[in-house]
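Quick one: the structure is below, questions incoming.
Read from first to last, the chains carry the letters A, B, C and D; within each, the first residue is number 1.
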Amino acid sequence: MLFLRQTATIALKDLRSEFRTKESLNAAISFAVVILVLFSFAVDPTADQIREISGGLLWLVFAFAGALILNRSFARELGNDCLDALVASPVPGAALFLGKASANYVLLLIVELVSLPIFGVLYNMRWTRQPLMLAAVLALATWAVTVIGTVFSALTVNLRLRELMLPTLIYPMMIPALMAAMRLTTLLIAGEGIAADDWIWVRLLIGFDVIFTSLAVTLVEVVLVG
Amino acid sequence: MRERILYALGAIAGLWLARNLYVILLGLPDEAAQGAIYRILFFHVPGWITCFTAFLLAGISSILYLIKSDPRYDTFAVATVEVGIAFTVIGLVTGSIWARIIWGIWWTWDPRLTWALITCIIYMGYLMLRRAIDEPTTRAKNAAVLCIFSFASVVITYKAIDWWRTQHPGAVLSFRTGGGSIDPLMESMLFQNAAALLLLAAVLVAVRMRQEEIGREVESLRRHAHAI
Amino acid sequence: MDERNFTYMFFGFAAAWLILALYVLSLVAREKRLRRELDSVRNMLEQRERT
Amino acid sequence: MNAVAVEDLWKYYGDFPALREIQFTVSSGQCLALLGRNGAGKTTLLRILAGLSRQQRGQVRIFGRDARHPATRAAIGVLGHGIGVYDELSAIENLRLFGRLYDLPNPESAAKQWLERTGLAGVAASLVREFSRGMRQRLAVARAFLHQPSLLLLDEPFTSLDDRAVALLQSVLQEALQRGSTVIMSTHQLREAMEPATHVGLLNRGRLAFHGPRPEEMLGDPGWLYRAYGEG
């Protein structure tokens, strides 16, 4: 109970400071929009082609924009040595991690929910044909991105080349989840259901979430205590 | 003394590999469907066996480091990862050359191939992370955490041929198929070459570990000089 | 077919050995660099302790 | 009862021992001043006690428990180099946040009480970003003392404080000591530190060169210890 309260306190704290400054949220959303616009110049967006690559395009946008949010996650604690103050407090590392991860999760979902309609308008795409399944895939895959991103944000927070190291480390690590998300999102935006063959991707996503969340929760204390 | 033993073991591994090469090239018949090119597999499969073994040991060693915080485990982990990457590259390149003949293309985005490549990139990230951290204890600790995460990609690579219908051939070794898909003579040759490569890898790991120890000594002397 | 098949097999083996050789060479180079660094740091320490 | 017991503690950075064979105990109610040059290991030792860092060898017991035990950390107040409060939150939000994280029965009233005490009640709702240096330092003091810690770990607490913050810190320290709290602080400012200190420890290149009750000589001549035990 105390654990959950502490987790929520951390999450709310992060969300409050983010909404107050909107530093990373603004950056991430504008970045997402810019990529979406730029991409329309890269290909001639006929409906069929876009439908084919919609999942890939969207998840690249989410992953790139997400890195901006994840980068700030632990970096915002550096300013006045706040990270030390948090680690020295009786909050367990796992609660600190889950709190920060939940805040990032909310922020990433906001970016995604803003990007999706823009994608729909810019590319003339109806993306709501399988709303429930799409929401489920978004929820699972975004959590995967969040977990990896938050843990590696903690891992790289004190590095000289933090902004560079984080993306180089997280993208390869996220690929299984991104691949699954891209494949499933493409199917769902095209309005198809998930065929028997493609359930492996859902299982992969769930497995990824479970395995990496447990790993992260176990290891984060070691990462934070020097 | 330690060096002499290492060099001797290295020489034995080299000679063993040369002898295996001789048998593979001249002692074994061509394969019915693939012709001569199938002989690459005697390097390709043992190469991957070596690299999976290396990454597995690196993962175990990383866990032990986090538990005991003894720098020797970190030394072992970095040495095995680096040698593992060398063998991953061998696996990728030999596989690619084989694919050029059998499939007519160098590369395809088949799940097995894709994940093998991702594994390689992830472990290169491990080496990059190490370079970015100056303080040895933090470096060891953060690298150990990354190494444990990275092992997931090795597992996915290993299981990819079971989970997806891949263009990459399925399992051939009898401990995965229950036997029957490979000639016992060829399989025994494959394992012999794997043993020779593992021995070679062990020698390389030992050499690399000694270098890491020298590196630590240099770092600690620098700190010492700084403290004066 | 067969000739190319054969050449590529040789390519494969050559590539494998080449990669191993390159890795060994990189190890040798690092060994040299580390020895040099160790010597220079030791020298520096001696100098400092004398003064 | 011993508030802090450190036994054969070693901390390595790589192969370099930053702390070696550290062994000492601090009884409840004592105020230990850790002295030593830069790089002697004062900050490293305090970080280990605060649970921010882990030793490779040896044992640290704080109130009989491990340093990373949540109950231990709830009893410790830490004041480090940084102020440890968030620029983009207001003063009251900062204190409320830490009050909740320390699971205080009433974070709100504790926060208000400490804002009053530190003279920041008037600017409680302002963002810390807008605070002057002195106000930020006083808020940091409030953050560290908010949960009535029984062990205080202060790293160079008097360095670069303005007069008002020094006065505040001295008075809350006195109060905490009277309450029976234990204080361990590292310091360069010998004069300010010698007043409350009951004991002193001298770290020299990672070793505890001296530990014991404050020698009488130090009151008049704070540099005495360095000359007697240190590198002079």
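Going forward, contacts are C-beta pairs under 8 Å (C-beta built on N, C-alpha and C of every residue); 3 or more make two chains touch, one makes a residue touch a chain.
Values in this document were obtained by computation on a predicted structure and should not be read as measured data.
In terms of the stated touch criterion, the partners common to subunit A and subunit C are B, listed by label. Of all chains shown, A has the CA centroid lying nearest to the centroid of every protein CA atom.
A separation of 17 Å divides the Cα centre of subunit B from that of subunit C. Centroids of subunit A and subunit D (each the mean of its C-alpha atoms) stand 38 Å apart. Note: centroid distance subunit A to subunit B, computed from Cα atoms, is 32 Å.
In terms of their C-alpha centroids, the spacing between subunit C and subunit D amounts to 49 Å. Among the residues of subunit A, those in touch with two or more other chains are 226. Residue numbers of subunit D whose C-beta contacts span two or more other chains: 54. In this structure, the chains touch in the following pairs: A-B, A-D, B-C, B-D. Listing the residues of subunit C that touch subunit B in their complex gives 1-2, 4-6, 8-9, 11-13, 15-16, 19-20, 23-24, 27, 30-31, 34-35, 37-38, 41-42, 44-45, 48-49.
Within the complex formed with subunit D, the residues of subunit A that make contact are 2, 5-6, 9-10, 13, 16-17, 20-21, 79-82, 84-92, 221, 225-226. Note for the complex: subunit D touches subunit B at residues 12-16, 39, 54, 56, 205. Within the complex formed with subunit A, the residues of subunit D that make contact are 47, 50-54, 68, 70-71, 73-74, 76, 78, 80-89, 93, 97-98, 100-103, 143.
The touching residues of subunit B, counted against subunit D in their complex, run 69, 71, 135-137, 216-217, 219-220, 223-224, 226-227.
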